[in-house]
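Going by the order they are written in, the chains are A, B, C and D; count residues from 1 in each one.
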Amino acid sequence: MIGDMIETRIHGRGGQGNVAAAYLLAAAAFEAGRYCQAFPAFGAERRGAPVAAFVRIDATPIHLRSQIRTPDYLVVQDDTLLLDPKITAGLKADGAMLVNSTRSGEEIGAHFDCRAFSVDATALAVAEIGRPIPNTALLAALLTLTGEFPLDALAAALKKRFHGAVLEKNMALIEHAADAAPKGLWARETVDA
Amino acid sequence: MVDDARLADLRRKFGRAPAAPSEPAPAKRTPREAQPRFRGLESGHRACQGCGEALAARLVVECAGPDVMIANATGCLEVFTTAWPESAWRVPWAHSLFENAAAVASGMEAAMKAKGRNTKVLAFGGDGGTYDIGFQALSGMLERYHNVLYVCYDNEAYMNTGIQRSSSTPHAATTTTSPAGKERMGKRHLKKDLLSIIAAHHIPYTASASVAFPQDLQRKVRHAMGIDGPAFLVVHSPCPLGWRHDSRLTIDVARKAVECGLFPLVELERGALTNVMPIREVRPVADYLKPQGRFAHLFSDDVRAQEERDHLQALADYNIQVYGLTGEGQDPADTGGAAAVGRSGRAPRGNDGAARRVS
Amino acid sequence: MREALEGSQAIARAVALCDPDVIAAYPITPQTHIVENISKLVAEGDLHTEFVSVESEFSAASVALGAAATGARAYTATASQGVLLMAEVLFNIAGMRLPMVMTVANRAVSAPLSIWNDHADSMAVRDAGWIQLHATSNQEAVDTTIQAFRITQDTELPVMVCMDGFILTHTLEPIDLPSHEDVRAWLPPLEFDRKLDPADPKSMGMLVTPDFFPEVRHSHHSAMQKALATIEQADADFESAFGRASGGLLTVEGDPEAKIGLVAMGSTVGTMRAGMAHFQAEAGPARLINLRAYRPFPSQALRDAVRGLDHLIVIDRAISPGLGGILGSEVAAVLSSAPDAPRILNVALGLGGRDIPETLYPDLLAAVRDPDAPAFSVFDADLKKLAPEDR
Amino acid sequence: MTILTRGAYGEPGTSLAFKTGNWRSTERPVHIHAKAPCHAACPAGEDQQAWFAKLQEGKAEEAWRVLVAANPMPGVTGRVCPHPCESACNRAALDGALAIHNVERWLGDEAVKHGWAYPVDAPAADAPTVAIIGAGPGGLSAAYHAVRNGLRATIYEAGPEAGGLLRSAIPRTRLPREALDAELERLCALPGIDVRFRQRLGRDVSVEELRAEHAAVLLAPGCQEGWEWSVSGAVPADHHEGLALLKEFMDHGQFPSARRVIVHGGGNTAIDLCRLLKRSGVEEVTLVTASALPGPDTDPADVINVVPRELEEALEEEVAVIEHATVNRLVMRGSRITGAEIVSLKKVPGPGGRKKRVSFEGTERVVEVDMVIPCIGERVDPEGLNGLVKRGYLRPDDAWGTLGEKLYALGDARGDRGTVAEAIGDGARVIGAITARLAGAEPLADGRAEMPASGLNPTYYERLPKAKAPKLPIEDRTFDTEIEGDIGGTATMAEAQRCLSCGDCLACDNCWTFCPDNAVIKTVELARDGSHYLFDLDFCKGCGLCAAECPTGYIQMQPEFAVETA
């Protein structure tokens, strides 16, 4: 990580909207006036395979194009992925991990010896949009936890991506997901406030 | 919608008589300039004596032109018409590669559509560029339904590179890559049934024609020109050099190919056979084979020679049966009637090319 | 207007801004999103063009050729095997001096199969006679695409816009897309004198005997040389119209007094820029040269850019087995006539999508100082992964 | 200096700068004008193909004008000619010879009907004048051609009317008087022709006087005297020679009564007689001829020399024929014939290429008849021709009819002629020779080769049925009504399309269509060689396709060297 750049790595499975999550997070940052970069670690994998995507957010233009090895945040869309030790590799000491899980964050954090929080994003998604797509719920939770930029930015990004009923359902979903996370739990110290 | 003023201008420029009598005839034209047909393919090209392909291309262009553009595959036709700086064409013409004439034509046609112009696009290829290396691009063009008339000048081998076999080379014919010898009697495989494959694309019009029947050929070109969509025409075009026959026999040999049944003249619409040129008097395949050196080994004492001749006869009989080429008496559209000429080029009795419909 | 866009989507929109008459393309990873986005623009009525979904890259290039021959503005895009399948046509397009633009989403060439980025594909057709411009970011890719349509018209040479597959094509980042009106004002309509036209029926693609073939090639080379100025001018004009440049022929940044320089193309430039900023203290001053124009090769500009350097690291993202780096060899050839030319360290990096982390930057600078470092190496190759006899 | 174009594009049609004519190494195409076989066979010298070409264009009057350039009496020959043109027609092998004869008649009748003017100008008042003896077809033809050639003609005719044999010896069923009169009147009325009737040679005029006063004297007296009939034994008192009998019948409309008649001979007079006799009520009429009936195996030289159609009709009308036979002897009872002894014979090659008749001993048989009419030919009446008649005829030295200084013979009187058409042709030939000699030159024979059927490319001719002329049914045939009818304009035009144009340009466009090199140029006007096409030898590579595909044989490949030196 360079300077004030925030690097997030999102893990999921093919078909879970992993790249979409990365693009949404970056787009939300863009809506919040930040520079951003989101890209997948594309492989030849098919549906169901573990996949990763990367998001860089910064106040200044981003030149670096390498993959993210030492993320500030990890977003894990499926707790079964955690069986693979590579998922959590490189997480900064002061980093944190958001997991879509029915287990508690404490339990997960204890196991991986890091800050962790969990949301049952699948359940929320099924309840709001009727499909088990956890990505927008997790992003909403992440924004709430970090307080990096307001949820409105995510809403704005969603509005550029979705329309009609799908948009409305996702808007409701992020509201509910945001409520499920404690505000500013992972807030960073401002470098020069 | 045809741009009449522009067409008239083109015709004035390139030798077709003015469309309307009110238009003043240009003064002082040489007899060549005053030819009462469109000179799409001009003299001075470098085809061999008696070249069937040069003739076929000239016949096609003179009735398709002048408001056309041509994508030409690599091959004899390309080489002998366009040795820089001398071009024999009087229509816009481009050669790109051996295997992409259909694709280049697709691009031309797309551009015409984009610009709202009606210039018809033609694609020309030999049998190598059509049956073989350009086959994929051709299939793609047909499938995408480009408004292109693809004309294959079929001389049944790679003549441009010096007579190598193609998938259109007839069974038992010798070429430099299918020579006859102690072990072989020429090409082992059959001539590819391209027409069926093309017709299977369900395109509006697929036809075969022959240089021996120019009126029939030009009727088919005119018909295809009127189609808004893909059309395919294969023209049997003897190559005196490659077939090893006397240059004066080009038409004679082409005619015999039709009359013996080895090269049936048929028309298919949307994949269905709709028209054939009946054979008035079916002649034995040997009549066709005999004048051609490429079949000379079939007339040797070798016991296999008779067998291969019988094989070719069987293939011809098969065509006659499958396409129903047996004539019913004298028909103005059969091989006898279609060839007929009279004073001023017209056949003596109402031979307007109306062929027999297949019911 | 600034938007957060995926690179491929941005390219599709940039192409649409240029009002192409005919687009022909065949999908191949990682160019696929470009084709898909173009298809979508067409489907939504946001792009009025003849979009031809061909059956192969070979036909994609051929369709574009046919369209360009009629004076239509033509575009295609491909990558990797697609470039090679097009190869014959690419030489043809250039030889016929047909204007058109192609995006190459750079990708390795198999075997073994690799869908990830390197420059083997466009390098393989470097002698086709196309202009090749590399983009370091998606903004540059967008701007270069627009410029490319002007350059190709002015030079009657086809232009290949190279952007790193995945690294750029699949990266979402903020992009400023000009308005349609502004692009139309900046990009004059295509007037191709030699177009196929029944009213003036020229013949193209003729047979040329040895009597004229060397002259044909000379004129092509000469046109490429003259295109250097056209490329620079287009970028300068673009900058005055839109407020940003894309790097002319090449750009030089970093410490002008530095004794060590780096030459790179494409997205690697960004990573090296980040590395240079981050490791300035420990690695010392350096000069970073972003080579945007690969063909025509800006030989003089490069000689000027390296003046004063002792060492020059040339980063290749391709390899010519048996020789080494391609760009490295060419840079060496070009600088061989320069006085006090720097010593060249040629490295291949990121072949087949191997990630290039910024931490390689100090390693590269360290290697320069190592008198035993080989003149060329696949720098990020781990030889331990090879059987001893294959090392 | 040629400057390279960008991308090496080319300008349209610039290949014209590349002359491929120098690729031609052995042969080049030339237009020949071979004689069509009809033309070669026509005794009247008609170029049938030329007038059929006009008909193919739908131009009947022009066709007639071309026709009468050779034969001024198509209405006559179109009825009486044995049409060797049709026998020679190359179309015969294809789907039947052209009905040239019927078309000729139609054109002749149309000309009369519409009053089409003969293509002649009045000769100058002081033009040289030829004297013609006899106003038969030969004499009339000579007069006509004289006028065509700018001469004047005076005909001295012994009888009161023009027409000669046409009037006296051809039945009206073949040549109605109206048709004959119409054409002869128009002909005799042409400016420059003066016909003087009842002017008998030896009585009213003499050859020597005429020769002194005219540019030339043309003897066309015909043959008026029958040959002696050589049969063994007695000849009856009321013996009738064939031609005399026919003339008598034409004048009086009656034959001596008989029940069974043998006509001995092999010419048209014999056939005419047979048919008239049969029609007049004779029960059995038998033709005894040394020749043979036409058949698939018959040697053409052996075929009976009559109008084929007339023979056909005679057989229809149940005239019996005994081939390869002659009358050897008459069987008499008193002065009355009761039978004839017939013997088989054959013509076999004899010395000097002439046929010799050999009769076969032991084949004699006696046929019961009550009349035998010899029709074995006639000879010249020597009156007024002192010293000119040799062995019955005038026998001139050459085809031009030259008998001596300013003296010519033509028609039957020559001794080697036998048809109206030959006499008409002689008229043209004699005048041709006279015209040439008046100009101080010798006449030239047409040396062109004849185009055989093997020289044609039959592929290009559609099979079309021959036109059939209507005929009176046998029971309606009388002595006055014409038996064969008119084929009509529609059939004429259709028949015209059947002409193959052997050896001459059909204007079919084949050469123009099939030249792969565009080296055949089509012209709007006729080119100098009479075709519509030019060979552009700058581009002709000499492939020979045009010659191979020329339907008519008009295009031939000729060696380059020979052409250059020709």
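We adopt the following convention: a residue touches a chain if its C-beta (ideal position, glycine included) is under 8 Å from a C-beta of that chain, and two chains touch if they have at least 3 such contacts.
For clarity, every value in this text was computed on a predicted model and none was experimentally measured.
Within the contact network of the assembly, the step distance from chain A to chain B comes to 2. Core chain by CA centroid proximity to the global CA centroid: B. For chain pairs C-D and A-C, the one joined by more C-beta pairs in contact is A-C. As a whole-number value, the distance joining the C-alpha centres of chain C and chain D reads 90 Å.
Look at where the CA atoms of chain A average out and do the same for chain D: the two points lie 113 Å apart.
The distance from the centre of chain A to the centre of chain C, with each centre set as the mean of the Cα atoms, comes to 34 Å.
One simple way to say how far apart two chains are is to compare their mean CA positions; for chain B and chain C this gives 44 Å.
Counting only residues that touch two or more partner chains, chain D has 2, 5, 8, 10-12. Among all residues of chain C, those that touch two or more other chains are 96, 200-204, 206, 208, 212. Judged by the touch criterion defined above, the protein chains form a pattern that is neither an open path, a ring nor a star, and not fully connected either. Chain contact summary for the complex, chain C toward chain D: residues 95-98, 156, 194, 200-204, 206, 208, 212, 215-216, 219. On the chain C side of its complex with chain B, the touching residues are 21-22, 24, 49-50, 52-56, 58-59, 62-72, 74, 88-89, 92, 96, 196-209, 212. For chain C in complex with chain A, the touching residues are 2-4, 6, 30, 115-116, 137, 164, 166-168, 170-174, 267-268, 270-271, 273-275, 277-278, 355-358.
For chain D in complex with chain B, the residues that touch the partner chain are 2, 5, 8, 10-20, 23, 53, 56-57, 459-464, 497-498, 501, 506-510, 513-519, 521-524, 534, 536, 538-539, 541-545, 547-549, 551, 557. Interface of chain A with chain C (complex): residues 2, 19, 22-23, 26-27, 30-31, 35-40, 42, 44, 62-67, 69, 157.
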